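Heads up, the next two complexes both have chain A, just with different partners, chain B and then chain C.
Now for the complex of A and B:
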């Protein structure tokens, strides 16, 4: 009886404990954003919140961050699915390809961003190679791929960096759950394209979706790649947040916490989207 | 308000839980120097400082730290953190009523201003250091930090002067004034920019002085009206030249390190530095081309001093004072001045030093300065009230950076 009662209470309690650091952080951010606490705080007020949310640079930064995070996540996901489907065999070549695909996971994000600076800068390896081949004439005849408003270098660097993680998930899903369902479909007369569309893809997508959400949220909050590769206009949300947090004018401190809460809203929305997608799948399965 | 109080209390609990037990605090300000040193022996000092330059880190970790251990039995710990981060940390610790996580902080300008405003610095103590007797007390840029009297709440550590950096092989006849620079930028589109950080803002301040009849216009505290009129000229200057800036003025390198990289790789023809001698050190390290040279703008370039402060909640102010005193010694200042070490300017007045030391300073200054001392002094202009720096940085972001697409 006691064990039973303890068990029933243990679930919400452990969930609460796990969420506690986040809740304290959110509570502090709300208090600091509304002037209840911290520097520049003059008692409860939504002035700074209203001011920040009315700023053009904030919305431009927010949309830039959402757009580039979505693009990088989509690229990495497409790459991971492609790799998983192409190299799913048990032969040595396929195994080697899978190992190679996962290898860059060991590269720290900061190093990956620095590599892309050296690779894609207007005086980088790519520009030098094009120059040597006689295609480019001067540094500025090479298109800007870093600090560019579209975030080309940022998107490519993060897509490359997240590809191994999503590939690993995709490899595992196909290896553990793949063949049987597909063979059944084939024996029932499905064409190869149909097998992929109706069996392989839904299975892969369902399995890697949590990973895809995690990657999107991570990229949207990524600071180190942004500081090395992103443009100054629009200024990505994480850079804008840190800039306000370290502004010498203490009156701007609450701004940083408003922006932290905007970032948190992105994560919460992504997780909610995932929950919604999963519940829809479950209702199909039931 | 209740919610605020509850939150504040919980933050206090969280932070004080981590700070450990508090030592019985002794105010070293009341002790004779021998007793301060005795008190510091066997302690450890935590120094929060900018750790972004390998030459500075090497000087502190491999030259300063071993000597502190040998001579004073002090263990030095360095932790990362500059200007606003130090202010944030100390404000948070004050809210939480926690014991300080740093004994010594590397600060100047607006950080000193904010820390003094919030009463977060220990002091006065700097005048009590025995080596303070050697400090160049006639220099207004040492005694006043962005126009604020230091009042013994920070001890000078190094003196620097803003300079542009150019490549004498690429640009044999560099511009010497702001007007010549403007003409040069127009003739060479895409070859000039500045960074978004502290050095870039200092360049804006050089423009502010030059376009408004010199530093005198802005001396004597912050005046919004003078700032408004003066800064308009800066924005007009930048707006008219923006199309000829690197990337058409639509993008700016995040910090001065990225600007150095653009300059070294030939994407732009100028870099800049808050230390006129940095170019010598960076050439030795192979970061900048061998033909890179510093360039003083004859309209006047900004000279300032950086300092060491002791937080009011420091656990070991006596140890921090001993470290600050050692860093102010002729020996430590001379080592720091060497171009192969850091090339950071001395804050000591050479004539006040014992003759043996004075000779070594003169020899090093004659041999290693990238620029002759007399021209450095001739074009040096002091900092003005920190609000000018803050407003220039904020308004540049809003008016120039955000409007550039």
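Now for the complex of A and C:
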């Protein structure tokens, strides 16, 4: 058909349009990281890449970023599954709980981070509440929960921020799937734990996996939450990239492009995983 | 533990997690002198809200954010709708490749996007300008819009268009008489989505705007870092408003119109 052929030609072009700015950015990053263009460029060389990738601070930042993103994603996922399984009914309490769980979706990441600064800072709400309760009587007796090397505040803030999105996904999956499969399993003699393990969980997990991957990659690339809550040692990958990119020493600025490529590699892996998870989901639904 | 107790035990922290942050921000936004370890502020003041109405830095930044986000939404939906439609008509690996291409700017770390875009926009002379920041915001917003419309058009039967064509509708008529009325809701939702992507954007604004374009999130970030909690909390509450409105409107629209699409 004529219309179809037109569509087929239009597509790679228009898809390219969406990806073009990113692809130009990748191209530039590759060229700048290998010394072909930009400040400190002296012809093709992998010296800079090798040098940056040999830095201890880069690896520490990368592991911190991946570790905290994994921890926050795992917390949010566990919370979403727990809420979805607990409040899947049609009663008033169930509907109220589902509305409450989804409500914080309106809060931008920056605001979520600001709230956790107010909550967990050394003279924040938690410290004041603990003082009032007679538990911690001085600001320094309060454990550091923000800027701490473990990223406690960062992980909690982002887990809280992403919980509504993953909960909404989990609610939707349970609502559209219904409970037929589970009832069948129960009538065949499966114990409640077994029904969850062998029916509910696999069904939920398949459905929310694309969302879980998106959340992970979003947290790993998060700039504003890291600025407000993350430690300076280890310095998270997005902050390290920003720091190098704006380094007063022009010689060091191209380092940022090596780090950009590391960040993009994480995203590319996530995009591939996301598409794989989505197509599995599509074939599951079909 | 019975299911009933577990539900009650869960409802309490759930309610706290949903409502306490806004309460904390509201209290901080009107707190006057408030020394540690007082749990509540010693005095209340409406100073930050009054100066907001007088048109202070925060008010100006909110205006900037509104304009940039509205322009971003217009650009992203104008390009994202035909892109999503085109992607939905592909099959197999082509659709996966196209969807991955649209997902790339969504998944790319904002810092990575910003460093690449800054070069392109500086070359065009758009660094530190409103159009430059808008175009930069439109890159991830377009990704979201395209993926959103991909989903919409996958559900929309393409035979509707064939039917209109066989009844003699022209290309333009198919868009104005058939698709536009059917897509009113999705278009409104996509506009909101793209608006919100721009509204909350930080790193792209910082790097492309180069300090000259002061959006609301940029000011709030500066106030938090400077320890000016009252202004930070006031701005943070403003930042929540559009998405909260969108969720409320979306819920009421869904209730009044049970069959989407």
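In the analysis below, the second predicted complex is superposed on the first by the 247 of 286 C-alpha atoms of A that agree within 3 Å, B and C clash if a C-alpha of one lies under 4 Å from a C-alpha of the other, contacts with A are read in each partner's own complex, and residues count from 1 in each chain.
Please note the rule applied: contacts are C-beta pairs under 8 Å (C-beta built on N, C-alpha and C of every residue); 3 or more make two chains touch, one makes a residue touch a chain.
As the structure is a computational prediction, the values presented were derived from the model and not from experiment.
In the overlay built on the shared chain, the residue A:275 is in contact with chain C alone; chain B does not reach it. When the shared chain is aligned, no partner comes close enough to touch A:85: not chain B, not chain C. Among chain B and chain C, the chain that touches a larger number of residues in chain A is C. In the superposition on chain A, contact of A:209 is made with neither chain B nor chain C. In the overlay built on the shared chain, the residue A:190 is in contact with neither chain B nor chain C. Of the two partner chains placed around the shared chain by superposition, neither chain B nor chain C is touched by A:74.
Legend: residue contacts after superposition of the two complexes on their common chain; A:131 is shown touching chain C, with no touch to chain B. With both structures placed on the common chain, the touch criterion links A:66 to neither chain B nor chain C.
Once the two complexes are laid over each other on the shared chain, residue contacts for A:111 go to chain C alone; chain B is not touched. Of the two partner chains placed around the shared chain by superposition, chain B is the only one that A:57 touches, whereas chain C remains out of contact. Looking at chain A, you'll find residues 24, 28, 117, 123, 139, 227-228, 245 touch chain B in one structure and chain C in the other. Chain A meets chain C in the complex at residues 4, 7-8, 10-12, 14-19, 21-26, 28-29, 82-83, 86-87, 93, 96-97, 100-115, 117-119, 123, 125, 127-129, 131-132, 137, 139, 160, 163, 214, 217, 220-221, 223-224, 227-228, 237-238, 241-242, 245, 256-257, 260, 263-264, 266-268, 270-272, 274-275, 278-279. Of all residues in chain B, only 1, 3-4, 7-8, 10-11, 14, 83-85, 87-88, 91-92, 95, 110-111, 114, 118, 190, 196, 247, 250-254, 258, 261-262, 265-267, 386, 389-390, 393-394, 397-398, 401-405 touch chain A in the complex they form.
Only residues 3, 6-7, 10-11, 14-15, 17-19, 21, 24-25, 28, 36-39, 79-80, 82-83, 86-87, 89-90, 94, 96-113, 115-117, 119-120, 139, 142-143, 146, 199-200, 202-203, 207, 217, 220-221, 224-225, 229, 232-233, 236, 239-240, 243-244, 246-247 of chain C touch chain A when the two sit together in their complex. Within the complex formed with chain B, the residues of chain A that make contact are 24, 27-28, 31, 36-39, 41, 43-44, 56-57, 60, 117, 121-123, 139-140, 144, 147-149, 227-228, 231-233, 235, 239, 243, 245-250, 252-253.
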